Amino acid sequence: MSQRVREILSWYGSDNPGTLTNLARILGHGKLAGTGRMVILPVDQGFEHGPARSFAPNPPAYDPRYHFQLAVESGCNAYAAPLGFLEAGAREFAGEVPLILKVNDHDVLSDEKDPTQALTGSVRDALRLGCMGIGFTIYPGSTHRLEMYQQIRAYAEEAKRNGLAVIIWSYPRGSSISKAGETAIDICSYAAHIAAQLGAHIIKVKVPSAHIEQEAARRVYDKERIPLTSLSDRIRHVVQCCFDGRRVVIFSGGATGSDAQVLEEVRGIHAGGGFGSIIGRNVFQRKHSQALELLATIMDIYASKAESLPSSA
Amino acid sequence: MSQRVREILSWYGSDNPGTLTNLARILGHGKLAGTGRMVILPVDQGFEHGPARSFAPNPPAYDPRYHFQLAVESGCNAYAAPLGFLEAGAREFAGEVPLILKVNDHDVLSDEKDPTQALTGSVRDALRLGCMGIGFTIYPGSTHRLEMYQQIRAYAEEAKRNGLAVIIWSYPRGSSISKAGETAIDICSYAAHIAAQLGAHIIKVKVPSAHIEQEAARRVYDKERIPLTSLSDRIRHVVQCCFDGRRVVIFSGGATGSDAQVLEEVRGIHAGGGFGSIIGRNVFQRKHSQALELLATIMDIYASKAESLPSSA
Amino acid sequence: MSQRVREILSWYGSDNPGTLTNLARILGHGKLAGTGRMVILPVDQGFEHGPARSFAPNPPAYDPRYHFQLAVESGCNAYAAPLGFLEAGAREFAGEVPLILKVNDHDVLSDEKDPTQALTGSVRDALRLGCMGIGFTIYPGSTHRLEMYQQIRAYAEEAKRNGLAVIIWSYPRGSSISKAGETAIDICSYAAHIAAQLGAHIIKVKVPSAHIEQEAARRVYDKERIPLTSLSDRIRHVVQCCFDGRRVVIFSGGATGSDAQVLEEVRGIHAGGGFGSIIGRNVFQRKHSQALELLATIMDIYASKAESLPSSA
Amino acid sequence: MSQRVREILSWYGSDNPGTLTNLARILGHGKLAGTGRMVILPVDQGFEHGPARSFAPNPPAYDPRYHFQLAVESGCNAYAAPLGFLEAGAREFAGEVPLILKVNDHDVLSDEKDPTQALTGSVRDALRLGCMGIGFTIYPGSTHRLEMYQQIRAYAEEAKRNGLAVIIWSYPRGSSISKAGETAIDICSYAAHIAAQLGAHIIKVKVPSAHIEQEAARRVYDKERIPLTSLSDRIRHVVQCCFDGRRVVIFSGGATGSDAQVLEEVRGIHAGGGFGSIIGRNVFQRKHSQALELLATIMDIYASKAESLPSSA
Amino acid sequence: MSQRVREILSWYGSDNPGTLTNLARILGHGKLAGTGRMVILPVDQGFEHGPARSFAPNPPAYDPRYHFQLAVESGCNAYAAPLGFLEAGAREFAGEVPLILKVNDHDVLSDEKDPTQALTGSVRDALRLGCMGIGFTIYPGSTHRLEMYQQIRAYAEEAKRNGLAVIIWSYPRGSSISKAGETAIDICSYAAHIAAQLGAHIIKVKVPSAHIEQEAARRVYDKERIPLTSLSDRIRHVVQCCFDGRRVVIFSGGATGSDAQVLEEVRGIHAGGGFGSIIGRNVFQRKHSQALELLATIMDIYASKAESLPSSA
């Protein structure tokens, strides 16, 4: 095991060896094995946005086995998906790539200002499917957020007792937050911190903008002159907000963008000490060869020496 | 066991042998045994619409044993009904036809824009009555949908652990969806995909129209030029949206229509690679002999060589 | 055991011998023993309407032992009451009359358009008090009906596992139903059918009027020319709607009426193939001797040869 | 054991010897031991109204041990209080006075038209603290009443299984009841009857007024000429409404009044066959010596020969 | 063990030796060991207000280990924090300082007039992390307060069974309480009393103002001439309201103030017989050396001879 992975595992002193083993498996798999960085392939968009919107641009992706194969071939650290998608390939690809069961999901078939998610999988499902961890989405800002925190609390307790890793997708939204606020730096870092306090081992947030949403926060950002200009500044701040860099924080890119945009973001994440990317639509909605190419480029960036690693001393 | 049934079973690699056995029983029973196609007789309309509206057109159908008998004689793959109806014949017809316990139901005695269903049966009920599986209705689009997803999640986990098959009736409705939207191709295929992600072995949806309900979906359908003109096109799309054809999708016909209409739909389902029909009112509301005749004709269509089978490679 | 009772028990092929034993005890007790007809004494009006409104007309009825005694002396098939009333006499009258524990109740101390009931007893209570079955009220038409269906589902499953009989009081009411609709023939028979589908062994509904509440139902009643003119016609229809007569359906009389009215209704129930009456206020609100007299007359009618028995072939 | 206590215990034929033993302990303790009458000291006002409003008039009463001591010295049959107060003295006073754990409570820190209570103690708490029974408040008339009935149903089942007595405080209030209606004779007796039906061994209500709240009740009170003029008439009616006197009914006095008023009420309760008083603020808000004096006078009244005992034959 | 600690433990006669052991550990740790006074370091502000607002003024505080270290070095009696923060240091600092797991939390990402909290930790979490107790926040005055009381009831029962101490943060707020009312003396002492009745071993409230919020309370404060002028008067009243001083009550200081203000408050708490302070932002938001200095000064005050100790005889 690399020194860096050993160091990362040292941050999780309250977890049992089973959970550490699964974290080590994720950190030790694929092209970024041992670097302490990770790229995860998530495919829950069929549930979240609908199958045609997700897979019609690249029809082979309708087949759940496509994504297992893509994660394996590209050397991703892990593949995350809802129950149905994992059930449809877990036997065939058993042992080939670390799996994360997304245990709650949401669709866009009903308008709502304060969204929540449905529990669609269980820790027992994750165990029987051979997963390394569970993935759970929270919506800080929604009026339903407290109930979601309670759900992940119970799931996380059960997962940790059974030696699984806990990954929290922390996506601010709801009637008290503006559209710009959903990626505002104050909100994004707050949402990441909440996920850390809820006991997440790995935290996934969106790439933050320089917008500040809450007045009480703006006063502090101004007074303390927290640097927010560059993406790497903002990434560094989010990572700092997660226990001063002692939790693994990864970033998602959102909707499809040009390769240049995607790689620009990855470089910013890398430079700011982010631990990696979770990248779905930008990958599986393009042709297989192009997807492999993009993922290889991204992983090369993460494998390169970063200018500054998050402080963990 | 036929090659086709063996192939279908291979899609369910995460299920235990008990569940595969019950899926094999359904696929191996009746006139369509071994073809990979199925016709299921569902009789929950007494609960859903009222007894007189359901059975007065053919009074012998008031007797629950009538439907067991009809399913047996016609060679249906399975008979699905609520608790009371199954309890009233399960001993007399034990072993004669695969049974599916409909474990949730709804009535039309209260107006509501966002419907939900009541849990009316349990996995333990299904086991004690000798059923092969459970049937569960979800209403994607209803504000109560997330709660329904959570219910079927728990039911499905328990059913699979006990070796039962899981059939999801996925009927979009609710305040965010127009009447036309309930059978719109984008909504229908989305609803089918959600059922698949929730872990259904068999998915039941309504025959889709060419209407597109959601703007975000329309842009993709237009851009990717997804063919929707013929019924078989639309069936093919729905089947594709269910894990690229690696889940069994069957279609219901809705209210009574002329024989010509019904058979036209069946031919479309068949041509599009649909796995069969679930057909109730059109069968049990006509005289016994006519019902047998219609079912025989339908099964003949499904038993014929289809122009194109769903891709499963 | 009489041939008729044996026949009735044959309808419940999915129940265990324990439940059949208790059904046989109810059908085999009192003056109507062995006839397949039954008269049940229910006394939950103290809870439902208040003690003075219920018992002041005949003050000895304040004493819970009064009703046990009345049920025993009159030869009723069973006595049904809430927890407190049963606890107050179950030891003294142990073994003298079959008991039914009413496990949910409602009062009139708060106005509400969509009523529900409180769970006030349990299956374990019924077992420790030596009851033969549980009684449960549902309000089809109330916005809370689905929750009530779920409650009786769980209660019925537990009751049947423990060898108890399940009696459902099915009383339509709620904001979607007019006052006349509460006893309308379409609603009444629908409510009875729902109780049967929920797994009731014995179903209690109100005597139906010729009114039709729902337009969709009216079209069918008209088209199929279902006879509704006489009370016996309507009773016959309700019985038919309960699995073509293969479930025991009994009728309640409502508020106090003249003896002539009460007996007229009983004759109609009898002629229409109803299985009996559940009669409370009309009995315990009159003097003891008059109550015995009225019950004797009612039982004589039910013991006489009916013109037509419900079809059960 | 006195004949009267033996008679009272005979009313509870469905309870186990454990519960009878605890009822006998309450009836056999203190100055009224063996009379079948009881005076209970309840001190939940700190929670219900606030500490200063409750204890500032007599500051030693801030100390929880004060009330144990007062109950012991005065010879009350039992002392009832919430969890915190009982925990603070149960070891020091173990075995000196029967304890009743008040298992739900309410405060006045939020305005509400339809109040409910919070569960603040459990049957297991009552057992570990050496209590003889649990006390539970219901608010008949509140829109939350049905939920409260369900809570006490579950608590009472567990309490009885564990040999504890069940005392229900039945206080009508809520948006459907006028202020005068909260103590109206029809509402008060209805509330007492509901408590009896819910399985209470001891029922606590407020002293009823001659007001009649509900029209449907008024018609019966008028027609049956139920005497309501004197307090003893009304007490007699409430007792009759509790299973014709076969349940123990005690009365609370409400806010502080003059000694003359308090004793006048006690004489009315006594004359009407009430089983005693539950008296808090009128006792612990005065000086210790005066409290003992008042309680002694009250107990003397209850110990005297009553003009009429409740019928129990 | 000091006489004073022995005396304090004597107040908790209903707790098991396990809980007393943990209370003794808290009272016996740090600079105030044996004095019966305590200073607790709480760091839940990252969750409650956001990470930047909490930690940017003193960036080393982003690291969860910083706070463990601070609590150890300063000689605090205990360190309290949410799940994530404790998990991140519990192994490294095992046995160095008593830990309290904050088991519910709240954020400021959604506007709400009647707040509640999310359950974010469990008693089992507290046990596996080696904590001495659990911390729970209630909001008396919120429409959700009754549900919160029920939650802490269940948590406290489980905690006490497992030998843990229970600390309740009692913060009045909600739509029925004015901003000034949140620290009003009548509301503050009422909130403290509720916490005591709910079974708290240690109660945390805000420093009370002389404002009186409720009219019914004002009449009593005026009539009984309760002294409220000085802070020590008000502290004394709050302590009296917690079982006449037989429960440990500590006070929080709220937002950052000048040292003079903070120390002035501490002197008032000390003089009034308060048991100590729980002080977060005023400590960890300043430089490490200054924090140690302030804490030392505070502890010196508490270690000095108080003018009046709370009565506990």
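To keep things simple, chains are lettered A, B, C, D and E as they appear, and every chain counts its residues starting from 1.
What we mean here is this: a residue touches a chain if its C-beta (ideal position, glycine included) is under 8 Å from a C-beta of that chain, and two chains touch if they have at least 3 such contacts.
Every value quoted in this text rests on a predicted model; they were computed, and no experiment measured them.
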item: For chain A and chain C, chains touching each; value: B
item: Same-residue or different-residue interface between chain C and chain D, half as cut-off; value: different
item: Turn needed to bring chain B onto chain E - CA fit, degrees, nearest 5; value: 145
item: Gap in Å, rounded to a whole number, between the CA centres of chain B and chain A; value: 36
item: Centre-of-Cα separation between chain D and chain A, whole angstrom; value: 58
item: Junction residues of chain A - those touching two or more other chains; value: none
item: Category of the chain touch graph - line, ring, star, complete, other; value: ring
item: Running round the ring (origin chain A, first step to chain B), the chains in order; value: A, B, C, D, E
item: List of chain A residues in touch with chain E within their complex; value: 11-15, 114, 140-143, 145-147, 149-150, 153, 157, 172, 174-177, 186-187, 189-191, 193-194, 196-200, 214, 216-217, 220-221, 224, 226, 237, 240-241, 243-244, 246-247
item: Chain B to chain C touching residues, read off their complex; value: 46-47, 49-53, 55-57, 59-60, 62-64, 82-92, 105-112, 116-122, 124-125, 128-129
